[in-house]
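Would you mind keeping the following structure in view while I ask a few things?
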Amino acid sequence: MNNTIKTGLLAAVVASSLGVNTALIAEDTVTLSLWHQHPEWRAKTQAILTAFESEHPGIRIELEEIAGTNYSARLNTALAAGEAPDLFGLPAGPETATAAASGYAAELTGLLDTSSLREPALEAIDNDGKVFGAPILGAYSVGLYYHRDILADLGMEPPTNQAEFMSMCAAMKDKGITPLVVPASDGIVPSFIYMMLTSSVMGADGFADLRKGNRKFTDPDMLEAARFLQEMADCMQPGAVSTPYVEGKALAAMKRGAMMPGGSADYPGYQEINPAVDLGVVPFPGVGENKPATVTGLEYIYLVNAESEHQEEAITFLNWMLQDKAQQMVVDTITMTTNRNVVPSENRILEEFVQAARVNDVRVFYELPETGSVWNVVQQNAAALLMGEMTPEDFASAAQDAVKLSD
Amino acid sequence: MSTVTLKNLSKRYDGAAAAALVDLNISINDGEFLVLVGPSGCGKSTALKMIGGLEEISGGEVYIGDRLVNDFASRDRDIAMVFQSYALYPHMSVYNNIAFPLQIAKVDRADMDKRVRDVAKILQLEPFLDRRPGNLSGGQRQRVAMGRAIVRRPSVFLMDEPLSNLDAKLRVKMRSEVARIQRQLQVTTIYVTHDQVEAMTMGDRVALMRDGVLQQIDTPHEIYHEPRNTFVASFIGSPAMNLFRARLTSEGDHMRVQLGDQNLAITTLTHQRYPRIDQHVNGEVIVGIRPEDLEDAALLPEHPDEQCLTAPISLLESLGSDQMAHVKLQAENIRDIDEEDEELMATDDSDGSGICICRFAAQSDARVGDTVKIAVACDRLHFFDSSTGLALRNQT
Amino acid sequence: MSHPKPQSSFSSTYGHLWFVLPGFAFFLAVMLIPLILAVGISMTNWTGFGNDLQFVGLDNYTELLSYWPFYRAAMHNAIIFLAILLFQHTVGLYLAVLLNEKPRFMQFYRTVLFLPVIMSLVATGFIWTLMLSPNIGLINPLLQTLGLGFLAGNWLSDPDLALPAIIFVTAWNSMGWAIIIYLSGLQNIPEELKQAAAMDGANTRQIFWRVVFPQLSPAFTALTVLTFIGTFRTFDVVYVLTGPLGAPNFATDVVGTLIYRTAFGGSSFSSADIRFAFGLAMALMLMLVMAGFCYLLIRVLRSREIEA
């Protein structure tokens, strides 16, 4: 044997020993790994999983919570490396489509009992007639949270349009109160605000037009949305552009600001930080005289790893989650559901979100192929707009440039 | 050029049980080469560093010329020092090492260049001026260190074991070199060494120290031939002086020294040198005999019998020029030296006998095991008080 | 029993290489092979997702040459490097000199000063975020209490202060290295050398600058190179303090965060802008430039060291 061969063999041995298979082998019990991106829900999510396990003693779900900022990097790398969990969440729409096209996700068409799903959810999980994911953790709407006690003390009502918002903002600042808490360090919350502002201008129909190219972010009335966002910067807490999400959430929960943009799924987090928190929800104030608006998206939908050895059990789990019983737990403890048979039994905030979303609700940009990239561009430019280093015109045209019209 | 005067110079380190230096009084003449010698830990380097201003003075005074310099920084004392490690600046060329003190003193460039080259010439360093110390041999480095010291023309040189890092052969060469340069420059020099050969060959005077206390300060000749006490007697000279416990007896005018069952006549000359032995007649003394004063009697047929000893040879070392005969005497060895680097350790036998080292001429036919007759140069015997170890001379 | 074979000339010449094999195999597995794969992938248009990729040659690299966010990020790295370098060679050196005087409680000071180095930068960075926050931070109230309220600022969101804040935390974190490296350099300088200089008439300042400082050049080299490498691969401080976008408005964006965003994405909602291969090209380009610069740095700095 010559030296080269020996070296090669040794390297191979070393390399293979580094990739030792660490799968747990338990008798009769199938363990499914599941990655989720809301560590703040851990207790509530685990409670639902435990309920599942008690009904299916042969299946164990191993939940791994990964903070939202790291989640996609971790997941993408794991998928590329073939080390992804049996079940993983992804945003419905382009993200799911890409995972499916890449062969990472098993096709679930016809395997899921989607009979109880509301129409918009069915639409959202449909990829040209194929289904790859189940909306097991429901949906969320984003609007404006406010501290009911703070506003009551000030004798104010929540704002419905730009003028009201700005005059409230001035009044609150005079009293030393931070009007709006926005953690803008990663650009996500400002992006949600921009989606709500543009939605207030264009409405759901306008959004459809935008995706067809008949409406533009640079239209004069749409430009006002970017202007309002820039104007709003003065109403935010000091250092908003570098405030991390966790700090912003804590500031909001601890009443260090009167209002904050947020989603229906954020409420458990606020309660976690401050159990005495007294919040109300309204749709986000409209641009100019436009109606206020909310945006709605599905929570990450759950996909089955195409390489999983336990796809059957994974599908069993997803179907169980779609049933009324599990969805009741979701809607009572976490966020809104997409199950038409279930209504929240004890969650006032969700009721208020449902009310808020009745006014003018638009789907989130990133769930749709035409506007997937708009999200990224808005996220990256938000700080520049807020700091005045970018004009509303440039901001809007950058967003418009990111629209990919479908043929 | 300057005198150096030490008055009651003392040093005590924090937390140390014993003083490192006790009341040192030395007057060093202008241009004198004084060697401070002693076993390690005797305080010689401490004294030197205190003179140099590198060590805090605990007590006493240091004068350079007639200036009290206790509170002067090193650089204000007009002294130069050669260190055991040479302490050359590794990042500078030989030229710059030598020129450094002049650069600091902002000596005019042309003058500086001349002085550096003069020094390099004296020390034969001219070919190496551009080298860094790392590329020099030990002897060359030593000379650079010397050069750096002499280029400033200070009043006083301090040298701290400057030759101890050289090999034996080079050491001998540099010994005379250093002495030559010192005589040429006529700069007052204080030289610290633990090597008694260096002390004897180089110094105008030698100051021998032990445990922080000055034992004797004298010319090399005096310190060798008139040791003030048993420590001096045994430290100076190699092999060391043989010291035995002995009794003095007297028969009329003639005194004899009893070594076990043998005795030796004390000559008039010796008696004159050690007049205080009179007080110890019939008492115990320590007698000292240098090895070179013991010869194979076979080579000296004229030698009087009463100045001879007989003893068996237990070991014979030939040095070529001489032979060192270790003989066994029925007398108790005295050792007043605790140095580990003592060349020939004579061992006490428990039976009260002791080893005596004799330097026989190369012509001696004595063999190990022979019992030989040894001629003792009784004019050169030394006597010390058996309890204090002090020489039985009239001491001032 | 077989006879022992005579040693072949090959094995007597290269036989000792066997002893390197385990280390080399490990290096091969975790360094060389991934590096080669990375070079390969950087010449494709792979997004990091799926199996859809084409060979595009050096397109990623040529695009990179005119990709201004890369230069902006690299400029921030360079500013951090220069600032930290200056800081370490002044404050770090000064503290090392003070410690070398063996002050009372030296062990304590040394431990305190080195502590940030061994603590997780992610953890300490998070604490710094909290301290620097204008809303819940300790720094601004502290300044106000000290009567220095005019110095209070929006440390991480003011574009003029954010990078200095990043530099400050990096300096705080890395000062221990400077001190330890300089201290070991100082402790290697024989006492007699300083005594000799004192004898030669030099005052304290001259002793330091003419005798002590030149001997610290190996420490200077080591520290400069380590600082260069450390600051150009910095990621954690920025990611923790100002997020994956190098807030505010990329004022603190460094190559590390840019590579992270490009290769893995900076948003949890959309991976539309993820370009893994392009990110790899950036990382490899950074590695190349850094290696070249380190080589030059070491050559220049070594030439002024003493050949001992």
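A, B and C are the chain letters, set down in written order, and residue numbers restart from 1 in every chain.
To be clear about the criterion, contacts are C-beta pairs under 8 Å (C-beta built on N, C-alpha and C of every residue); 3 or more make two chains touch, one makes a residue touch a chain.
All of these numbers come straight from a predicted model, not from anything done at the bench.
If touching chains are joined by edges, the resulting network of the protein chains shown is an open path. Each of B-C and A-C has its own count of C-beta contacts, and the greater count is at A-C. Distance between chain centres (mean CA atoms), chain A to chain B: 92 Å. Averaging C-alpha coordinates per chain places the centre of chain B 58 Å away from that of chain C. Chain C has its Cα centroid 36 Å from the Cα centroid of chain A. For chain A, no residue reaches two or more other chains under the stated contact definition. Residues 190, 192-193, 195-203, 206, 210-211, 214-215, 217, 306-308 of chain C are the ones that touch chain B when the two sit in their complex. Interface residues of chain A facing chain C in the complex, by the touch rule stated above, are 7, 10-11, 14-15, 18, 37, 68-69, 71-73, 76-77, 79-80, 91, 94-95, 98-99, 101-104, 184-188, 237-244, 247, 250-251, 256, 364, 366, 372-373, 375-376, 379-380, 383-384, 387, 389-390. Remark: chain B residues 52-54, 73-75, 79-81, 83-85, 87-91, 100-101, 104-105, 132, 134-135, 148, 152 touch chain C in the complex. Put simply, chain C touches chain A in their complex at residues 21, 24-26, 28-30, 33, 48-52, 129-130, 133-136, 154-159, 162, 242-245, 247-250, 260, 264-274, 276.
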